[in-house]
Structures are given as C-alpha cells and as structure tokens.
C-alpha cells in the first residue's frame, strides 16, 4: 500500500503547481507522469501571464485570472527562495497589438464588457498609439494602429517554471513517478486505486490534471470533462540583445534574448508537425508589428497542442461517483499557476469550491453531452 | 520564386548516394531535381572533386584514387537529365512531398511525388574536457579544408581518435608534411575480441583491410609518436588549445599542440528524416539511430525514402549501391518501370550492399567508441556546445526524474541552440540512459522540427505560396 | 592555423576582417580564408562570452558564426568570399537595430 494523501495525475504546469501547493500543506503527495514524448502542452507554452481579454462572458474567469496575476509575483519569489531558480517573471504589464482599426474596435468592446461585468474590482487598460508605445516596444512598426496596455499582464519563462515547480515539489517531500500512465481507476475503502503498468498506487485523493489525457481519465471516475487539442505554432529567433520591455500578444522576448513569435490557432487534431504556410503567416504578421525582426534567424519552430474545453474555460470539479477524485484542467497553465499552487490545494484538501467557481464544474457540459 | 506543381522525384544531397539515386531515376524517365547546399557536387567524401581532379594534381595524388573516382560519379550526374541545383539549403520537408528550399534567389516551396533523403553523415561528437576551445576541430574538418580550400594545418597538430577516417587523415596530413606531433589512437583493446568474431565475413574485403593496415604502418614508420589504447583525454589551454593530456597503457602523457583534431567515427546526418517523425531504430553496433527502411530505402512514410549514410552508416561504396536502389524503386513506385525490372536492374547493387555489410560490421566492432566518449564521466564537460550545458547539468535533470531528452531539453536548454541538437543529441540521450539505467532505445532522442537550416524572418515571411492564409 | 598546400591559384579577392584587409583566394569559404590568415577565434558565445572557432567545417556545428556585411550569425564555412566583404567576429547575441 503506497498510501498517498493525494496523487496528481499529470506532471505539466497544472499538475506540478497543484502538487507543489499540496505538498506545501504537509500532504503526502505524488505526481504520476507519462514518458518523454507525451503531448506535453506545457513545453509549448508562450509564457504569458495574461489578463486582458480573458473571461469575456464569464466574469468568474476574469476574476480568477486577475487573482492569479496578483499572486504571481510572490509565488515566483517563493519558488526562487525554495529552488534558486528565477522563473523570470516580469509584471510590468503587457500590450495587445491592434493591426487594424477593426481589431481595435473589437478589442475595446470586449475589454469594456469585461470591466463592466467585474463591478468594483479594479480592471485597467489603456489604448495607446504607436508613438506612445515606442519606449517600451522599440521598433514597433507603422502598421500597428494601436496597442492596448494592461498593467495586470506580464510574462514568465514557462520551462523554468515547470522545472522550479518540480524541484520545489520534490524538495517539499513530493514523489515524482514518470512512466506511470494510469490505465484504470477503482474506488477502494478510503480512497482510490490507480492502476499503472508499473504497479498500483493507492491514494486517499486524486487530482486529474493530465491536459489532453484528462477526458479519458475523468471518464474512469464517471465525469464528463471534454478537452480537445488546439494547435498553436510558435517560432523562436536567435538571441538578440534586450529590446522589448513588455510582452505582447504576438511577440515576446525571452530571458535569453530570443524573440518568441506566435498566435496561430488550428484545429489540427493531434498533429505536432509545423506547416510552412502557417509559419510564414506568423513571420509575416509579427514582422508587420516589428519590422526590424526581418533579418533575425529562426532557430526553432514547434507546434504545441494546447488544451481547449468547448467554452475555453477551465474545468474544476469533483467526481460524485468516485469520492476523492478531482479534475483540474485549463488552457492558461502559466497564468493560473499561482492560484493552482495557492488556492486550489485548499479545495482539494476538503474545502468547498468557492461560489464563484461552481461555473467551472462539468455540469455545464451536460446539455451538450445529452444532445 | 515559386515552383508551381510537382516534380517526380526530389533528391536531397549530392553525395554518392544522392547522385546515384538521381541518375538511376533519371535514366528511367523520371523528372528529377537534385538539391545540394554546396557550390559543387560530391557530398563530403567527394568534396570539390571536379576542381581537384581538373586543376590540382598534387592534391589529387594526396587524396588518392578512391577520392578521384568521385569525378566519374559527378560526370555521370552532369551528363544525365537530372536538374541539379547547387547552393540550395533544405530547411523543411513534409510528408506530403513538399520541400522548403533556400537558394541565392530566396526561399521557395517545391514538391515531389517522392523524396529521397541522401544527406550523408557527420562526425560523432567527442565531448572531452576542452573540446570547445578554439584550435580544436574534427579530423574530417582538416580533410575538408584540404579538399575544398587547398589548406593543411600550420602549427603542431595532435590527432586523437579512432576509425578508418581518423587513420586516413593522419596519413594524409603526414604525407602533406603537416607538423603532426602525435597520433593518439583511442581504439579500445576490448574491441579486438569482438571484431575477431566477425572477421571471417570481412575477409573478402582483404584489399580494404590491407589498405588500413598499410595506413597504420605508414604512421608508425613516420616516427611520429603513435600511442594506442588512449583514454582519459583532456585538451588543455586557457583561451585556445595548447595541447592534450591522456593516459595510454597505464602511463600519463602530455603533448603540446596548436591544433587538436578529434574523430570517433561518423553518425547519420539525420535531421531531415527525423523532422518527419519517421520510424527509427536504435542500432547497438553503430551506437546511433537508424531510419527504419526496407532494402530499397523506403521509410515508414509513403513518399519518403532514404539512401546512404543518413539512414545508417555504410560508407561511400554502400551509399552508391543504396542510392541506385532507391532511385530504381522510385521509378517503380512512380510507374516508369515494373517491379520485375526493378528487381532485375537492382540485383547487383543489392548483392553488393549485402556483401559490404560484413565489412561494415567488422569496422563497427573494431572502432567502437569507448564508453567515456559516449557518456563523459566528468560533470564539467560541455555536452551542448551551443547552450553550454554540461554533463553535470544533464545528470542533475535526471536526478529530478527527467527520463527523456525532450524533458531534458526543456529543463536545461540542451538542444535549443542553432545546431538543433546535432552535436549533443546522442550524448544527452546516452547520459540519461546511463543515469536512469535504461536502454538507449527506450530513452529516445530530441524531437526535430523545421527550420532544419536557419532562415530569417524575411526569408520565411516572403516565402511564395499559392494560397496564403490571412 | 592553416596554410596553402600546393598548386595554388593566383586569383584573389580583397575582404576585410575586423577592419583589416586580407587578400584571399577567389571562391574560398570565409572560414578557410580566416583560418589561413591566422584567425582562430571567430565569435564569443551569447551564453557566457566564451571564445569559439570552427569545429566541423561542414555546416553542422554552428561554431564558425561571424557577422558578414552587417548580417549576424552567418556560417563562415558555408559562404564564399566576395570582393569587398566586411567580416567581424560575432560578439554574443545579435545587436538588433529597431
């Protein structure tokens, strides 16, 4: 009997952050992970800690995101204290670039809607013209109509974040088990038994945070948690001396100096091939925003399979048919890492999901499931 | 510049395999495009052979007849209907037959009904302490400088390594009167037993074996310090290579040098094939990954074949046979010859290729790299040259539970530099296998994605396509 | 580091390395031309500033990166010299000009 208090199935940004938080509460925690070539959305993450534009039509999501962004700085600092790893969190704000008047009009309408829906909660944004942005974004191109600056936005290094979470988790006494895909889940007295090719794990509680594997695993516990792949292609250039002071929705400069470019959204199934035409479009559009990047070499491209629920919002739920089993999955693993580490563990430990989080339960999909 | 529709066959690489494939296919009425990144054909083994044979008699004599024969291959290629395009980098290929090219005229996308990848080989990385210092190069680099640029090393040269190319270059540099101050043979004495077991099959290649022995004798007769069973190699120097220290048969040595040339065999130059995620297989004899293909070079992907060393190491002669087989098979698959004709025309190449396998096995065993070349024991050794990631960094990641190279890449940045893991991939995987007690076959290798060669944002953004998305 | 062997061709072009004029054989690769003129350090790395020179000479190691005619990180072993070419060591990351 391996006897864990909580077993998190999935070692990506979501699973690792939750597990880190649980281990910090003194719970005996394990992470079960797959192998080297698993879908691994975390490795394809753009790295934004992003607030603006999120939660349109779902103010609870906007609130959840805002809370996480506010907690992020301390969260990053704590990780650095525990591991020595600087996850390069910058929270000076971020800019959403509008390359046409229509884009600007549409974006403004969305943000004003969100602000209204949040009532009293501070939610700031400011549309600025190109000249005003040049100090922060040198070389911003003439095709940029405007940029929407939000002080709530920021960015971090998603790979360093993942490493720091794993390192801190293990330093807190957590057990990491790679090559342990879960093939079955059974209710047992006092918890759940997870079957893996390398033996059974028994745990009082389980958190399914397995990205694209979540749906299959949730079904084992009788929960319908629809997630599908949404392919994003990304490019990164050779290292450049520091230029961009703020991240944007199209381009951000990493800590090492490379410029990361990307925005594409493809329904491409589970295909992880990058396509030249899509890469061309990314290059073209990002060059529109920053013409000076034209001479920089592309060093890598990758296609990341990001997690998408039908409405784009996270899933947080418990499985009524298998007590102890929880599901946690979302699209924005970096942005929500802070709340995943500092808020969700309370819920998993037994607290009720806050009122304003019940909208993330799987019940909202039942209508679709039936039809 | 845009190529509208398709060609029949696109061959990538104008070395012996690529030229043989292109010529064979063209002979059977296929429309063939042969792409190569160099200004002249020949690949590595026949680099610059046309110019050397035509204009440089001393170099031709130094490089030998085996090199000179390459001029005949190049001639056959030039006489054929093959559309040969030099100075053309391939930065992307697709399962659907598209090929992204970069030439002096810019980027383009062309497409073929079939692609044969004949990208050849590269030298196995030799991660010893000090290997990143200026003045340290590969033995092949010295030979390339001789072939392409008519240059020989100036200054004291220490050579460290093992394998046919190593001894060939040693003797060529001696014959060129370079100041070779030491030839340090790292061949492990354990290899002789394993090689003996398969020598019978290699005996039909007695001419090649005798040639090898002659090279060794020439080196010995030159009087240059020639040490055997060399291990624990370290290159010392502050800002550049000043020499090499090593242990040979229990005795420590130190030799000063201005240039240190390393070589521990060759491995497939496989990034193009791997970017397609085609099936691969770990080979324990060659200690590298092979593209899984049939005897005609057909891979697990419908339109993609490989020929020559980029699939698995066979050497120049085998590459020529495999190239012809792939070219014939392309003609069969694209309908200009039938299967019986293909089999008849390919019979001799098939037999020759199979024969050569026994020589190859003997050489693989005789020159198997020492463990310390594959898994550097010292933590401080740089493994990823581009990102300056050390063996210790990889082992630290393994201690965190990282079991595969892609996770290691995410955690350490190994493989994220411009060489895209060409020079660190095998080492990273070997260290992880060693640290985790796993088989190399189970650890896997870096996932490879385009651009396979660097292209600029401009070159990518200005790629001409028929249907740009908006 | 390297010197010409035999049967040298006389045709040369003039290139500049770090401002210094060099007459080198026409058709030569930039890497070979520099090596033949005693240059062993081609760049300093963007990671640590370590000095590096060519390693493989066949375009797979990316150590021979130099700045050619104001374009950064060009593989010297893959590019042929041209009259008037201006070559500089690649000093760390690309200095972008926004």
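Letters A, B and C mark the chains as written, and numbering starts fresh at 1 in each.
In the analysis below, a residue touches a chain if its C-beta (ideal position, glycine included) is under 8 Å from a C-beta of that chain, and two chains touch if they have at least 3 such contacts.
All of these numbers come straight from a predicted model, not from anything done at the bench.
Interchain contacts join each chain to each other chain, per the touch definition above.
The most centrally placed chain, judged by C-alpha centroids, is B.
In terms of C-beta pairs in contact, B-C outnumbers the other of A-C and B-C.
Ranked by distance of CA centroids from subunit A, the top chain is C.
Centres computed as Cα averages put subunit A at a distance of 40 Å from subunit B.
In whole angstrom, the spacing between the mean C-alpha positions of subunit A and subunit C is 43. For the pair subunit B and subunit C, the distance between mean C-alpha positions equals 23 Å. Of all residues in subunit B, those that touch two or more other chains are 417-418, 454.
Contact with two or more other chains is made by residues 238, 256, 293, 295-297 of subunit A.
Multi-chain contact residues of subunit C (touching two or more other chains): 73. Subunit A makes touch with subunit B in their complex at residues 33, 35-37, 40, 43, 159, 162-163, 166-167, 170, 176-179, 235, 237-238, 256, 261, 272-281, 283-284, 286-287, 293-303. Here subunit B touches subunit C in the complex through residues 37, 39, 44, 55-59, 62, 122-123, 132, 134-138, 140-141, 144-146, 148-155, 176, 239-240, 258-259, 269, 385-388, 417-419, 422-423, 453-454, going by the rule given at the top.
Against subunit C, in their complex, subunit A makes its touches with residues 138-139, 238-241, 243, 256-257, 290, 292-293, 295-297. Those residues of subunit C that touch subunit A in the shared complex are 46, 71-73, 92-98. Touching subunit B in their complex are the following residues of subunit C: 1-9, 25, 27-29, 32, 35-36, 40-42, 45, 47-48, 50-63, 65, 73, 78, 80.
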